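Think of it as A, B, C, D, E and F in the order they're written, each chain with its own count starting at 1.
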Amino acid sequence: MKFLSEYRNPEIVHQYIDELHKITTKEWTIMEVCGGQTHSLVKNGILNILPDKINMVHGPGCPVCVTPLNLIDKAVHLAEDKGVILCSYGDMIRVPGSKKSLLEAKATGADIRIMYSPLEAIKIARENPDKEVVFFAVGFETTAPANALSIIHAEREGLTNYSVLASHVLVPPAIEAVMNDSDTQIQGFLAAGHVCTIMGTGEYEPLAQKYNIPIVVTGFEPVDLLQGILMTVRQLENGEARLENQYARVVRPEGNPAAIEMLNRVFQMEDREWRGLGTIPNSGWNIRTELEAYNADIKFNVNILKVPECADCIAGQVLKGIKKPFECSQFGTNCTPEKPLGAPMVSSEGACAAYYHYSNAGDEVNA
Amino acid sequence: MKFLSEYRNPEIVHQYIDELHKITTKEWTIMEVCGGQTHSLVKNGILNILPDKINMVHGPGCPVCVTPLNLIDKAVHLAEDKGVILCSYGDMIRVPGSKKSLLEAKATGADIRIMYSPLEAIKIARENPDKEVVFFAVGFETTAPANALSIIHAEREGLTNYSVLASHVLVPPAIEAVMNDSDTQIQGFLAAGHVCTIMGTGEYEPLAQKYNIPIVVTGFEPVDLLQGILMTVRQLENGEARLENQYARVVRPEGNPAAIEMLNRVFQMEDREWRGLGTIPNSGWNIRTELEAYNADIKFNVNILKVPECADCIAGQVLKGIKKPFECSQFGTNCTPEKPLGAPMVSSEGACAAYYHYSNAGDEVNA
Amino acid sequence: MCLAIPGKIKSIELQYDGVVRMAKVLFGGITKEASLEMLPDAEVGDYVLVHVGVAISKIDEEEAQKSFKYLEEIGEIDELVEHSQIDRNGGRCPL
Amino acid sequence: MCLAIPGKIKSIELQYDGVVRMAKVLFGGITKEASLEMLPDAEVGDYVLVHVGVAISKIDEEEAQKSFKYLEEIGEIDELVEHSQIDRNGGRCPL
Amino acid sequence: MPKLDFDVITLGHGSGGVLTNKLLKSGVFDLLKNPLLDTHHDGAVFELNGKTAFSTDSYVISPIFFPGGNIGELAINGTVNDLAMCGAQPKYLSLSFIIEEGLKMTEFWEVLVSIKKAADTAGVQIVTGDTKVVEKGKGDKLFINTAGVGQLMSKANIDMNQVKPGDKVIVSDSIANHGIAVMSIREGLEFETSILSDTRPLNGIVGKLIEEFGYDIHLLRDATRGGVASVLNEIAQDAQVGIEILQKHTPVDPEVEGACEMLGLDPLYVANEGVFMIIADAQIADDIVQMLRTFEGSKKATILGEIVEGHKRQVILQSAIGGKRVLNMLVGEQLPRIC
Amino acid sequence: MPKLDFDVITLGHGSGGVLTNKLLKSGVFDLLKNPLLDTHHDGAVFELNGKTAFSTDSYVISPIFFPGGNIGELAINGTVNDLAMCGAQPKYLSLSFIIEEGLKMTEFWEVLVSIKKAADTAGVQIVTGDTKVVEKGKGDKLFINTAGVGQLMSKANIDMNQVKPGDKVIVSDSIANHGIAVMSIREGLEFETSILSDTRPLNGIVGKLIEEFGYDIHLLRDATRGGVASVLNEIAQDAQVGIEILQKHTPVDPEVEGACEMLGLDPLYVANEGVFMIIADAQIADDIVQMLRTFEGSKKATILGEIVEGHKRQVILQSAIGGKRVLNMLVGEQLPRIC
């Protein structure tokens, strides 16, 4: 496929690898912010061909992983209502809530549908006028516009049986949370290419300056990732701390203005709880007060007691890159992808699951 | 079982048969009013051991058979509503409406439950507060009190999700309809033992006089039926026309006063359409105006177009005893128990089905 | 119509503070609940006729015998046959 | 996060009196609908990046080449390798 | 039951991945272990020589637990019996589950234990199997399919063409227990009773009958769905003969009779799981009955009637009082009547 | 289709009475007629000698019609293929339906026609069967179980114990077509494509392979549920060996690759119906590939990797760019990802 296969070309990949080996002189710890990048690094086996001195840390950029327990409990509660069809993305339905996951709710009779797009959920709402259709909308800045668009469609069509349970979080506050932790080891960031496709690069220049750290907006294919890492290491080796854009074929400095307009029309910023990280100020979006008829949380006034997260799970430290998954006492024993204790073990992009699935770490636990 | 097996004793049966052969000198045409009696006559093979001169005619006393098409269509319509659980007796669900039977509605997803008792339907209503439970209540005077009782229970428990689609018809007007037909051949009646259990025998004395015809209140077991037939033939042979009660172990002259009180409390008399017979004045009961909250017909305001009955079906004449089922052009060819054209082919007590199932008439059509 | 069968009252339970009397009725070895609301004077041990879960009549033992005496009464036969069980377990085929 | 893949716009359909532009987008032989509401100037033939059924960016062909020129640009290698297809159908096992 | 980290079965357990593997290897299926059963192969391999019978049935009974048994033993006995009815000794069974998401593991385990016990009792080995999980609302807790192969007994000569006028029709035991036991717990119809399903393997007794009476046994048929009446009608039609039976010889337990009276059902149409019909030469009919009556599970064996020249393709029942009527095939399901 | 007086299947058609009989005798099942199949018997009887393979599977695919096939041919090919994977030539199949009330007769007929065609193509006979009907909402239109028996080919020596380091791992054709074809019409995920299910009988080609290469073929396994990755993991675990495969040798059609990219699926975990894995002696691996490539349905056969001494019980994938990773078993179902 054009614009994919070129960036998987083994020869080019190896030229980048060679170059990295050539220029790397010190140990460098770099965080790839986005779970999709983590996924690609492990799936393509890039981690074990990088120079040993380069230490990649998996960031908090997996929306599934950071969705708070309480919100999942709410989604489960809504799904178990006989009058509700709950739609969600495939990744979300295995995430454990405090009592069960959406998958387990489905196994006991809840009507839960897996969607590729929120616009499909609109179709479900149109076709089931006697049911309430709730879209459990997770996502970073990349996904939020599509979810916003579904509300705009519902409004235009006059659908009164469609609403959204929103869990939208933002990358820049997460980077700040990582950097503000005194234990942080991170020396450079690969920023999330698709998030910047929407938002542009404007928010990241100040962060690079504030924390005096290289930030390279990076894509997802092997060549992208290696070029991004190379750009970061070059800055680090040269003592620089700039914003660079590896992914310029897709990311414009100004982002996508039409998408940003939709975001502003539908969402307002708020403090947001992140699973494993706690509440981060101004770190997420929720549906604007004017549109609260489409806010499932308000529409159904779901009151679910907050339950504390599992005490043994060190997801917060993993997400901040302070600890590696296998440093967790639960990893691979009490916590596995079939029975995850914390969210990073759930999504195949979650840092813990990625380690479990694709690295030799799996070896020891499987034996 | 006590009070059953004694009345199936072959020796006593044969004493009655012998006696009948002994006293019968002329051809007599006698109608057993009740479908249960028909069922027993054919199931026990009594018809082929009776004297040839005694001609038994199957009457209209099968509530399933005489339930009008339009009411079945209404029941189907209600059952197909997603919010409704329709409860009914087993016999009713195979009866064809103008488009389909309840069984066919069930096959395409309607929630239809087969009940032994209307009190079970009350239980369903109690256990499904988010659903409307409609009991499709068919029956003659025997069954009406139980159906009335279910409304009394619903009222007492304050159930607002229970209602009854009533189709209650009465025996005496049916006897009059049979006798008022100028083609009638009927010379004596076996009145329906269980109807009289409720209503007593008071209504039948005047009928015997008015039409100068013997009427014998009769039970359902072989000995009962043969004794009833013997009593009728004795009257006919003697030129008498009285009311007699063969079934005195169960039927009191005054009937069951508690049941009658319940009937009066819940139902009011009205003109009623009978399938195959047309509308007969004051021939049925419906729920009283004060209790119309429990009347499904009013509660759901079901408007279903009346569709004429199948033109080829001579059910009316069969039910009045003017024609035998096998005189119908459709019998056994276009009309079979699997694909009934008219109601008497549906219930196993319907005259046409009884002939089809238990007599050799089935032979020719099966071959 | 109106399938109703005779059974013996095994026990009676009062429901709704005594407003409703429900009986356990024995039918040849099986037990089924039946409402006694239409038979206020039915008691344990009585035989009742049950239709769609409601007892509608008490069975009169004395009247019950009359079917077996009727032929005698009308003077047409000599011998009265007592009620007997039907043999369902015979082994030989008489056909 | 944010699985998004590049595809080529095959056709564009106007819905709701032209308020909504829906495209058929070709991804390596399969076709899927995507909304163009966030790319008002995308046209048939354009390559776009699609995420959860919405096209979020046009792909810039010129910028796309830069990854292959970067190493050359930074003066570290001598030869530029043109993009090539991955051979998925080789028969011999090199292990 | 082995310790598991899940309480209910979910779609993942049927996906062919880790969960399926876990279910297979958790010890749950160890219960059924035998040298031939390897859940990780695509099939089992064994030696088989000579005339072989092959049969299958799917079991969809609801509820899956009922008085006197559950769907598991039913599935084993059912196929064991179908093979026995062919005159074969059942040897190897396949076992395939279609589980509705949400089935409790404890219930599944109970079914498996019954399967194991039933297979042991019948002397058959479960050698190959399959497990599928369907979404909630797309199944009914548990469906089971079994198929089986067996070796024809050397003296067996079960064949529709053997059936001839004069042959006797024997029923192996009192009828309608299974159907009534299941109905006794059905919503809206419940009643209290000690009636139990008669599910049992028939290969033991059939083996003895064939050993003893060989070629004089012309046909065997278990009277399952549709009951005795349906089986007799099938025979009448397929063998092109008439059948006459006597109502008063029909063995019905008093409790079952009571339930049938109450619900307006005819026991001749009610399902059995451990009752079979034998069409045999008249000469040995009494001996068959005598032999049957010495075994548990066929104590009430009786000659029900005979094959006749007349009324081909029809079954005629002589009622207890001597009247005759056609015993037709059932139309649709037998539903409880009130009228 | 024969003329019937009903359009949909109802409970009565599974009751064992007139309607069941009507369905059986209406001509609907005449389609499958053969001398051994007698729908009125309890089982079929045939002669069988020597080593016999026996396998079963239930088919619960939804929707029952999908691009390139339907549940009927799937059910025939699936069991035919499982027998072939045992090194057997499939001979006799059982066929059991669990129908949800309300299934349209036209749809049922279409499935039956496919079954007939598939059985003929594979050269197997359907000899015994069963039909059950469950209430609306207690099934999913149609489930099918097939079981089959086949005779082991004389040169076959398929055995997990034969698998040894140095053996090559061959995949018979391009992968993931079936799973993606089915997904392409699933609510909420639909896309336009010409991808078709690869359902096909494999006994023909397997017969030729065994004829030609006999004992040098150590293991066969069709890569159905869970895909190639799951099969390889099962082999690694059961044979206690390590497996290494090369991503760049994985045959994936471009359309399938596009769909996998879009939905975030890994084709190695996607189900196939006509693809199988061969573990064979290294000496003949190239010859096997050459032979496979001469047949329709295995044109894209390739050596995917090999059995190794190291990392026992693990499958290691070398990515296209040369990185290595563990190819684990799938957890639960593979669901489309968006993130």
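In this text, a contact is a pair of C-beta atoms (placed from the backbone, for glycine too) under 8 Å apart; a residue touches a chain by one contact, two chains touch by 3 or more.
Heads up on the chains, UniProt names are A, B = Hydrogenase formation protein HupD; C, D = Hydrogenase assembly protein HypC; E, F = Hydrogenase.
Worth saying up front: this structure is predicted, and the values here are computed from it rather than measured.
**Student:** Note down the smallest number of touching-chain steps it takes to go from chain B to chain D.
**Tutor:** Minimum number of steps from chain B to chain D: 2.
**Student:** Where centres are the averaged C-alpha coordinates, which chain has the largest centre distance to chain B?
**Tutor:** Result for the farthest chain: D.
**Student:** Name the chain whose C-alpha centroid is most distant from the C-alpha centroid of chain C.
**Tutor:** Most remote chain from chain C, centroid-wise, comes out as D.
**Student:** What are the two chains with the top count of C-beta contact pairs?
**Tutor:** By contact count, the leading interface is E-F.
**Student:** Roughly how far is chain B from chain F (Hydrogenase), going centre to centre by Cα mean, in whole Å?
**Tutor:** 56
**Student:** State, to the nearest whole Å, the distance from the C-alpha centre of chain A to the C-alpha centre of chain D.
**Tutor:** 22
**Student:** Centroid of chain C to centroid of chain F (Hydrogenase), CA atoms only: how many Å?
**Tutor:** For chain C versus chain F (Hydrogenase), the centre distance works out to 61 Å.
**Student:** In whole angstrom, what separates the CA-based centres of chain C and chain E (Hydrogenase)?
**Tutor:** 35
**Student:** What are the residues of chain E (Hydrogenase) that contact at least two other chains?
**Tutor:** 10-12, 18-19, 135, 137, 248, 254, 257-258, 261-262, 264, 318, 320, 328, 331-332, 337-339, in rising order.
**Student:** If a residue has to touch 2 or more other chains to count, which residues of chain A qualify?
**Tutor:** 1, 4, 8, 10, 35-36, 62-64, 89, 103, 116, 120, 139, 143, 337-338, 349, in rising order.
**Student:** Would you pick out the residues of chain C that each touch at least 2 other chains?
**Tutor:** If we look for residues of chain C contacting two or more partner chains, we find 1-3, 5, 27-28, 51-52, 86.
**Student:** What does chain E (Hydrogenase) use to touch chain B in their complex?
**Tutor:** Checking each residue of chain E (Hydrogenase) against chain B gives 187-189, 248, 254, 257-258, 261-264, 266, 311, 313-314, 317-326, 328, 331-332, 335-339.
**Student:** In their shared complex, at which residues does chain B touch chain E (Hydrogenase)?
**Tutor:** Residues in contact with chain E (Hydrogenase): 1, 4, 8, 10, 13-14, 35-36, 42-49, 62-64, 87, 89-91, 93-94, 103, 113-116, 120-121, 124, 138-139, 143, 222, 336-338, 347-349, 356-360, 362-363, 366-367.
**Student:** Provide the residue numbers of chain D that touch chain F (Hydrogenase) in the complex, in ascending order.
**Tutor:** 1-3, 5, 24, 27-32, 50-52, 86-95
**Student:** Show which residues of chain C lie in contact with chain B when the two form their complex.
**Tutor:** The touching residues are 1-6, 8, 16, 19-20, 27-28, 35, 37-40, 47, 49, 51-54, 56-57, 59-61, 63-64, 66-68, 70-71, 74, 76-77, 81, 83-86.
**Student:** Enumerate the contact residues on chain E (Hydrogenase) facing chain F (Hydrogenase) in the complex.
**Tutor:** 10-12, 14-21, 40-60, 62, 81-83, 85-86, 88, 92, 94-98, 127-130, 132, 134-135, 137-140, 143, 145, 147-149, 152, 160, 220-222, 224-227, 230, 234, 238, 269, 271, 328-334
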